[in-house]
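Quick one: this structure, given as structure tokens, is what I'll be asking you about.
The letters A, B and C name the chains in turn, as written, and every chain counts its residues from 1.
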Amino acid sequence: MSTAFLYALVGTGLFALGLYALIVHAHLLRKILALNIMGSGVFMVLVALAKRTGDAPPDAVPHAMVITGIVVAVSATALALTLMLKLNAKSGHAELPDDRRE
Amino acid sequence: MTLLTWIFDSLLGLSLLWLAWRALACPNLFKAIVLFVAFGLLMALAWVRLAAPDVALAEAAIGAGLTGALLMAALAKLHPTEAHNDFAVPPEKNVTKVWSWQWLPAITILLVTTGLGYVVLSLPPYATGLSTEVAANLEISGASNPVTAVLLNFRGYDTLLEIVVLLLALLGVWSLNSADLDHKAAPGIVLDTLARLLTPIFILVAAYLLWVGAHAPGGAFQAGAVLGAAGVLLLLAGWRPRTGLMALPLRLVLVIGPAIFVIVAMLTLLIAGQMLEYPPTQAGALILILETAATVSIGVTLAALFLGGDPRKNNRNKNHT
Amino acid sequence: MNPNDYLSAALLITGAVFFLAGTLGLLRFPDVYTRLHALTKADNVGLGLMVVGLAVQAESWSVVGKLLLIWWLVLIAGASVAHLIASGALQRGIRMWKP
């Protein structure tokens, strides 16, 4: 297996871990962490697949897209954290309600 | 691929997966954030292994550094009392819901991941993507670093929209919260000295990254992230900007990046008939102007995101009370 | 391999040994103060050795300057952060370990 596919598989694994944590955890900070790790997984697949050029320099277009993505991820994280703090100030907790009783 | 690099890559991949799992599963949120920062730094190492040094710089500065600072600040605001008593906040309640249906998402995600892995492995092992097109047009792009050429020339509209996204996120934060602008006493002479010593170096490094981005790894985002880091360090050391700077000057600095981008886009649309299509002879100069404006805006926006609220709202409230 | 390569290999490996010792201390030492001691001291020397090992291979003096700047930044940041963590731990009343 080449380097590109090894890292692409790690990327899918990260995406899966993040998706699972996003579903099962109730705390919003944990959900934000999970979203960030899902994003990292997607970035890793993109950059890993850009390296399938053999010995030639890798494709620069996915690299530029991932840099864009990293900046968008940090702005989304900042907004999500502010929303979480606001929810915590209004309702007193930062977890999603338990809906088992329904 | 030699055996040694294969072992290194596998170890790095396994460490990444393990750190991600621990960051998502460990019951202590403080620990989770520290693990997430470590994860980001190892990601930067992985980018270097994938021959993407530009991405590695962005990841180390933004993905690990600034995101970690944002998460830590949010956690401190979430548990203000506990954070002072101990290094660790108490374990979050109901980390994982005792959920009778927990196997359902696990199995679904396992299936999805198997499918994704199969798709990834079924892709052709050799593909040049757009690298030949990038290489063919690199000469007229105004930058010899292909990533900068893509970011600022071939896909300039992406970058324009991205800077707008950054500004929109700040507007969202500002409309939700107000920031505390009271001058804080420095938490100690060491942090104060460190901030004073490092800020000029950060500005120098940002200028260097901006300049070198034309032909080597670097560019507006990495430079902006370093500027943002300088801002975060100053804020942590208790420094607060003068309130007079908060109204118009701050806003002007925040929009100068997007504004110059839009002006250049309009001009190129009028002159060349195509948005952000630079004349090859002026491309280098145009990219430098765009990047300089973008760097300043990105850096200040990131620091303002860390401040976490509208600095002007606070003043208004204070005047009323 | 020419003599320069042997020199940098030796320096890099010695640096890695210092890093290993620092990490071992971080994992095995009993409290936050001793762990900080292990981490900052050993890793600063380890990084210094690695920087010198890489500087031997450098093509120009500007690369050497950048490498030294990186070392200096890590020294300053490491020392300050270690001080902040230790004084934070003292303020929170974390006791020092006694054998």
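As a convention for this text, contacts are C-beta pairs under 8 Å (C-beta built on N, C-alpha and C of every residue); 3 or more make two chains touch, one makes a residue touch a chain.
Worth saying up front: this structure is predicted, and the values here are computed from it rather than measured.
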### Task
Draw the chains as points, connect those that touch, then say whether the picture is a line, ring, star, complete or other.
line
### Query
Would you say B-C or A-B is joined by more C-beta pairs in contact?
A-B
### Query
Roughly how many whole angstrom separate the Cα centroids of chain A and chain C?
31
### Message
Taking the mean of the CA coordinates per chain, how far is chain A from chain B in Å?
### Response
13
#### Entry: CA centroid of chain B to CA centroid of chain C, Å
27
#### Entry: Of all residues in chain B, the ones touching two or more other chains
none
### Query
Along chain B, where are the residues that touch chain C in the complex?
84-87, 188, 190-191, 193-194, 197-198, 201
#### Entry: chain B residues within the chain A interface of the complex
1, 5-6, 9-10, 13, 16-17, 20-21, 23-25, 29, 32-33, 36, 39-40, 43, 46-47, 49-52, 54-55, 58-59, 62-63, 66-67, 70-71, 73-75, 77-78, 92-97, 99, 102, 105-106, 109-110, 112-113, 116-117, 120-121, 123-131, 134, 146-147, 149-151, 154-155, 158-159, 162, 165-166, 168-170, 172-173, 176-177, 219, 221, 298, 301-302, 305-306, 308-309
### Summary
Contacts from chain A onto chain B in the complex sit at residues 2-10, 12-21, 23-27, 29-30, 32-34, 36-37, 40, 43-45, 47-54, 56-68, 70-79, 81-86, 88, 94-95, 98, 100
### Contacting residues of chain C [partner chain B, same complex]
32, 73, 76-77, 80, 83-84, 87-89, 92, 94
